Every structure is written in structure tokens, then in C-alpha cells.
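Below: a set of structures, written as C-alpha cells.
Next come two complexes, and both contain subunit A; in the first it sits with subunit B, in the second with subunit C.
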Partner chain A sequence: MSGLDIAIDRKAFPAVGATAERLLYSDFRLAVEPGSFVALIGPSGCGKTTLLNMVAGLDRDFQGVVRTVTGSGPGEAPPSPRFAYVFQNPRLLPWRTVRENVALALDADQLVRGLVDRFVDLVGLTEAADQHPERLSVGMQRRAALARAFATEPDVLLMDEPFVSLDEATAERLRLLLLDLLAVRPATVLFVTHDTRETVMLADRLIEVTGNPVSIVRDVRIGLDAAGRRDATARAAVHARLFSEGHPVLVPVGGDRPAGGALEGRR
Partner chain B sequence: MATGSGVSSTLSRIGWTLVSLAALAAVWGTAAALIDSRVLPSPAAVLAAAVRDSATGELPYNVAITLGRVVVSFSLAMVIGGAIGLALGRSPRADRFFDGWLIVLLNIPALVVIILCYVWFGLTEVAAISAVAINKIPNVAVTVREGARALSRDLDEMATVYRFSWRRRLRHVVLPQLAPFLAASARSGLALVWKIVLVVELLGRSNGVGFQLHLYFQLFDVASILAYAIAFILVVQAIEILILQPWERAANRWRR
Partner chain C sequence: MRPGGPTRLLVSARDAEEALVALAAGADVIDLKEPREGALGMVAVDEIRRAVAAVGRRRPISATTGDATPDDPAAVLAAATAVAETGVDYVKVGLFPGEGRRALIETLGLGLAAETRLVAVLFADHGFDAGLIPSLADAGFHGLVVDTAGKRSGRLLDHLAPDKLAIVVAACREADLFCGLAGSVQLEDLPVLAALSPELIGVRGAATAGPDRTAPLDARRVAALVAALAAVARPHAA
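Presenting the complex of A and B:
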């Protein structure tokens, strides 16, 4: 499994017409340990999605470097780590069925190993596998996007508010599904959200940022175990501790930076 | 689209088309009877000419030759024009540079292209096919360019993250988005291409419907001219109904 070592020296949106240049990132550093679930929370439009795009290699117009850090576990050194990205919109191909959408993201070996059916079943879309996405509910489309992401066996999973604009009951089911999927197929997750309750339920570590340019104002461990994440009372207690008035600001994460080992440049 | 329209409305549409065509034939027949001249033969005379040339095999042979030229030049124009349109729609710089060339090409009369091709490449099959394709390529390019400009960036990023090969990207991401534009240029293209093929055959080929029309024009045999024209209209309509329309329906099946 791979962690991330993110160092954005400078990222700006260039001036367009009357709009002046906007500096989003300046000397931003973030290390994500292999196998951890990091939630990034902060005001809308401050550049959280841009960060995911830079990590995913979709936005290459910045100064800095995003490296994947290999964990110290035995035999864990993927030559080129796989990224999966669950976008705010499911971004399924509307002219392909659910099954085809998942299959198209996989390589030949993964197809042979039957990962399409396995993950389509795991997200509960067995019955809808041969439907086109636009005939499904929004919640089912998001399930399909999750199946696609996990079926590619990612080392790093990027998620950009994947449960936004769903009714609460559906969102809750999908969060539980995400926990189940991560139990089956662990990955390092960088997760952008606005939802503090979602953060408490899913993340190991909360990074709170402000914008212009983005800087980290708070970096805390959440530390719920698998049972605690599913326990409303435990979640409420942690949520109260973290998000009540006068919450602790800038609690540093104790010196457990990702285990050294081979650093691999991605670009 | 015709998905939800049902069988009865399809039947009623076919019924109306038949009634309308029968009325056209009736007007033509009446006019021919009134004028009573060789220059406007009756529908029966045209049918007789068609039967006569079908019996000798001449009509089916020439229609097949022309159809072959239509298929080859149409396919060439769709592939080359589509590729050019895609490239221009994706690259604003290339678009700015080549836009002027497209405008020139769009405005060259078909006849000039045909004459130039015959002059430069000789009275050959290659020159004939090229002339037709060159006439159609700019139209396809302009239509497909519109579609390529509107390609979804979201899906493009998705394909990048999941490491789609260029072939997979073209087939599953790009072409389905371009399908309506390709269908539109295929429709107008077929109509344009077969008319140009006739001119090409008239000017420089020794077979095909265009050549036959030329022959019967010199003999002043209007009945035969109309027989060939109607035969080819029927063939082109059959292609439209049996190939293009079902393909378009299949391409739109995923829509709600």
C-alpha cells in the first residue's frame, strides 16, 4: 500500500480578463500515511478539489511534487501505484451499462479474476448490472462509481464529496458501504467533504484548512475503531469533542510520519 | 426519437407517405397525358423502361457500380472528415490555423474539384472516388468539430484517472458523444455524395448510373433517364431506412 507525500510549492489560477490571479497553494505540505483515511475539510471553493486533481495527475500546472510513499510492509512496492478517483458526480459513461462501466476501468488481468462481478455484487447492484446509468437512481449511480473505483484495486483512493446531494438515509447507507469496501479492499484514502459527521464516521485523521492560500489550521486524529464508526453514541461523543465551541485548534499529529523506505516520483 | 412512438403511429406515417407518393404519380400521369410528348413520358412508360433495362441486367449492374462508388467515397469522407473535425475541435490553435482552409474548401464548387481531380490524376477510379470524398470531407469536418468542442471534460478526466488506452477512449468515451453529429453528417452526406457521384460518372467514367444518364441524354430518352433516377432514389431510401435509421436508434438506446 502507498501513502502520499504532497508538496505544493505554488499553485495559482491565472488572471482571466478583469479577474486577478488567484493563489491557491503556497508551500503546502501534507503527508498521508499508507493505509490511512484522511478527511480534508474546509470552506467551499478554497481549492480542495484542485488538490485532488493535482494528486491524481489531472492538473499538472503547478510547482511542486506529489510522491507516493511505499509502506514498510513486506512485498509492498507496486511499480506504479494505481489511483482511483470518486468524483462529486458519478461520471459514468451513460451509453454503457453498469457492468461495462466497471469493466472499462480494469485491465485484462483484473477482468480475468472476475473483479467486475465481485464488486458489482458487493455494492448491491447485481440486479441493475445490465442497466444504463441514467435509468438508475442517483444513489445507485454512486454505488456504481464506488464499484468501479474499488474494482481497479487502487493503492490510493481520492474521493471528492462522493455522498453530497443525497438524502441522509441514502448517504448513510453509502458511508457504511464504503467502510465495508475498505474492509474488503484496504486503500489509502484522501477524502474531501463539508460534512463533519461524515468525517467523524469515516476518517482516521481530520485536516481542517482555510483558503487564500490553503493552509492547515487543524490536524487531529479521530481514532474511532471499526465498531465505534458504526455506533451513533460513540460518534456523537467524538463529534462533540471535535466540533463544539472552542474546539482544540492545531493539535499536531504526533511524529509518526510515513515510514521511510523507497520514495517514488510519480512525474 | 422513435422509441416510444409505437407501431400504430409508424404505420400511419407509412400510410401517409404512400398516399402522398400516389398523388404525386397521379399528377405526373395527368400532366403527361395532357402534354402527350416524348419529353414527359407517363409513369407507365418509365416503368416499362425500368423493366426493359432490368431484364438485360444493365440497370442493376450500373446501380451496383454507382452504389459501390457511393459507399467507398462516403466512408472515406466520414473517416477523414471525422478525424479532421475531432482534431480541430480539440485543439483551438489548429482550429484557428485551419479554419481558413476549411472555408475555402467548403466554397469550392463540386464541379471544380471533379475537373481538377480528373486533370491531375487522370480519368481513373481513384480520381473519381477522391473527387467525391474531397467534396464531402469539409462538411463532415465542420459538423464533427462542433461535437468535438462540446466533449465532456468530466468524462475525459475519468478516462485519464482509470488509464484508458487511446482506443478505449475513442470507442467508449469520444465516439458515443460524437454519434449525433456523425449521424447528422451521415444523413446529409449520403444525399450529397450520391448526387456528386452521378456527375463524376457523367464526366469521366464508362459505367454507373451517371454514365447511363449521359447516354440516354444523348438519345433524348427521358423515360430511361427517369427510370434510372427513380431506381437510385429507391436504393438510397432503402439505405436510409434499413441502415442509417436503425443505427441511430441503437446509438440512442441508452437515453432515458
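Presenting the complex of A and C:
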């Protein structure tokens, strides 16, 4: 399992015409523990998606370094960790079946090990495996996107508002599915969202940021166990504590986080 | 090239004669590029016109606009305009890293998106930034090609592993751009790249008669690449 040690010294959008330069990141630091689920909440357009791109190595036009760090114990990180990304839209290929879409980014070894059918089954799409995406409901398309991401056996899963613009019942079923998938196939997750209830249900840790440049204003452990995440009452209590008026700002995470930890980015 | 469409083979040619070699050997898209003048060396406009006339609309043609940096946007726009005026189907503009890169995207969009089909090239080994993909779509670009800038710095897959390329292809699809993958692509890379279902796979060095990309195009090697891609990619829709 891989954690992340993120150090963005500077990332800016240069001036375009009359629009002045925008400084997105300046001396930003965030450490993500191996196997943890970190939710990133903040204003729209402040640079959260840019952070996911920099972490994935898909944006190399910045000053700083993103290191993947190895956890202790069994299942230590491989030399080059695998990344998977789940976007707002499921982005399935219309001319490939569900099974073919899940198989897209798998290597020969993963195909031989039957990961396609395994994850198609786990997301409950066995009956629809040979259908094309346009025959599926929106919720089923998102299930296929989750299967595609997990079948690649990612060490780090980057999720950019994956359950946005769904009706609440569908979103809730998908969140439960995500928890089930992570129980079967753990990964370090960096999850961008605007939904505080989703954060309480899914995340181990909430990072709240403001923009211009991005800085961390709150870094708290959420601490629900597997049962608590599925318990509406337990979730409501945590939600009230974290998001009611006068919520504690800048609560130290404490505990077992690694040295050089999460709060360094604060100013 | 339609986003989400089948994977087509783009072959780079340096003149009208090579364009006809690529055409006869079954290339899907002919890309005019001068391999002796950098990553995206521009073929002289008179030669581009000759190639356009010789191919005669039997295949789509793209042409590159040279290696000017975004910090000289007037030079990039002038080159792109000159290429667009030759009548090629796609104008491929390199987006090298630089302070002016976002401004250049806007300049090209305002200046040329209504005149031609603009294709951006980002370099996997030189200031790659997938965060530019939404800006390209907003500016009116049709597609993105991921290439390598240093032709001695290794293959595309040495710089962006399949998991990352899959993310780039998906990001293009979400932005309604077609996606091309290029950069010292070899025959044996085709199954891995085709599995990612980009709309284009671009080759040059693997299609020449010599040890590198500056050697003449070889019809047999082009045909072998066409056959290899057909074996692993979805057949073209009728």
C-alpha cells in the first residue's frame, strides 16, 4: 500500500490577456497515510482537480514533488504505484460492452487472473456484462466505472466528485458499494467532494481548504468504523459535530500520523 | 476523428511522395512533419500543398507547425495560420511548456478555431499537464495528441504508464476531444496502446526503412503497422 507525501512549492496559472496570474498553490504540504481515505472539501474552482492531476503525474508543470511512501507491514508499496481515477462522468466507451470497458486498462496478467469478471460481479453487473453502456441506467454506468477503476488494482485511487448529480438514493447505493469494494481491495483514496454527508460516511480524514492559494483550514479525523459508516444515526452525530455552527477549526489530527505530517501546509 | 470512435493509425510523412507511400500502405491519417527539424518540424507550405493535392481527399491530412515556444505566440499563430491555409484537415500545434501556454491556447482558438480543426500536442517528457484539456475544449480544439519532445528520451510508455494514459484518454473523452498517442511508438507497443482506445496512434520511426525517424518511410513497415493495429483494435465502423 502506498501513501502520499505531497509538497507543492508553487503552481500558478499564468496571466491570460487581461486576467492576472492566479497562484493556485504555494508551499502546500499534505501527507496521506497508506490505506487511508482522505476527503478534500473546498470552494469550486480553487484547484482541487489540479491537485489530483499533480498527484497522478498528469500535471508536471509545477514546482514541488509528490512522493509515494511505503506503509509498514505486509502489502508494502510496489516501486511504481498504480493510479486509477474516477471522474464525475463514467466515461465508458459506447461501442464496447461493460466487460470490455472494465478490461480496458488491464495488463495481461490481470486479465488471466479473471479480474474483469470478478469486479463486474462485485459491482452487481453480471447480468449486464455484455450490454453496451447506453443500455444501462446512470447508476449502472457509475458501477461500471468503479469496476474499471478497481480492476486495475490501484495503489492510489483518485476520485473527483464521482457521485455528483445523481439522485440521493442512487448516490447512497454507490457510496455503500465503494465501501464494499475498498473492504475487498484496499487502496489509498484521495476524494474531492462538496458533500459533507458523503465525507462523514466515506472518509477517515477531512481536509477542508480555501483557495488563492489553496491552504488547509481544517484537518480532522472522522473516525467512524465500518458499522458506523453504515449507521445513519452515528453519521448524523458526527456530521453535527463537524459541520454545525462553531465547529472546531484546525483540530489537530494527532495520533499515528507520520512525521512531517499533514498540518505543515497551514499558514 | 470522432471522440469515442475507433483507433486509427496516423503516419508521419515529410513530403508528398512519402504521403503517397503512407496512403498506399493503408495509413488512416497522413501527418506532414519534417523529422529532421525537431519534435514537430514543419514541412514547407508549398510541399504541404503538393501533398494535399496528391492525396486528394482520400485520407485526412494533418500537418505540424514547428517547435516555436508559447512565449512567442505571434510566431506560433503565424505558422499555424500558414499551415491552415494549405487546406489540410487538421493543424497540429505543439504546446511546449512556458508561461504563455494558456494564453497561446486562447490565441489559437480565437484566431483559428473557426478556420480549421486545431489539434494540440502535449509532451509526455516535457511539461505535460492534463489540466489543460478542459481549456483546449473551451478554446475550440478538436483533439489532443500526447507525444514526446525528445525523440531520444525513450518511448511514450517510458514517460506515461498505461494507467496514466488511460486517464488522459478518458479526460479527453469527457471534454469531447479526440485523443492521439504518439512518441517513438513501436510495433510491439500497439496492443498496449490500442487497448486504451485512443482515436489515433501516431508513428514515424517504426515506419521507416532505417534505424530512426529521419530515414525514408517504408511501405512494408507501414503495412505491417496497419495490420498489427487491425488485429488488436476495433474494426472501423462502416
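Points worth noting:
Note that the second predicted complex is superposed on the first by the 251 of 267 C-alpha atoms of A that agree within 3 Å, B and C clash if a C-alpha of one lies under 4 Å from a C-alpha of the other, contacts with A are read in each partner's own complex, and residues count from 1 in each chain.
In this section, a contact is a pair of C-beta atoms (placed from the backbone, for glycine too) under 8 Å apart; a residue touches a chain by one contact, two chains touch by 3 or more.
Source: prediction; values computed, not measured.
Three-chain overlay on subunit A, with subunit B and subunit C in a clash. Once the two complexes are laid over each other on the shared chain, residue contacts for A:R135 go to subunit B alone; subunit C is not touched. In the superposition on chain A, A:L93 contacts both subunit B and subunit C. In the superposition on chain A, no contact is made by A:E172 with either subunit B or subunit C. Between subunit B and subunit C, C contacts the larger number of subunit A residues.
By the touch criterion defined above, A:T50 reaches subunit C but does not reach subunit B.
Contacts of A:V16 after superposition: subunit C is touched, whereas subunit B is not reached. Of the two partner chains, subunit C is the only one touched by A:D61; subunit B is not. Among the listed stretches 45-53, 117-125, 135-143 or 225-233 of subunit B, only 135-143 clashes with subunit C once the two complexes are superposed.
According to the touch criterion, the shared surface of subunit A, contacted by subunit B in one complex and subunit C in the other, consists of residues 53, 56-58, 83-85, 87, 89, 91, 93-96, 104-105, 152.
On the side of subunit C, the complex with subunit A involves touching residues 4, 6, 97, 99-103, 106, 127-131, 160-164, 166-168, 170-171, 173-174, 195-197, 234, 237. The touching residues of subunit B, counted against subunit A in their complex, run 154-155, 157-158, 160-162, 164, 168, 172-173, 176, 251, 253-256.
Residues 53, 56-58, 83-85, 87, 89, 91, 93-96, 100, 104-105, 132, 134-135, 148, 152 of subunit A are the ones touching subunit B in the complex. Contact residues on subunit A toward subunit C in their complex (touch as defined above): 13-17, 49-50, 53, 56-61, 80, 82-85, 87-89, 91, 93-96, 103-105, 107, 152, 154.
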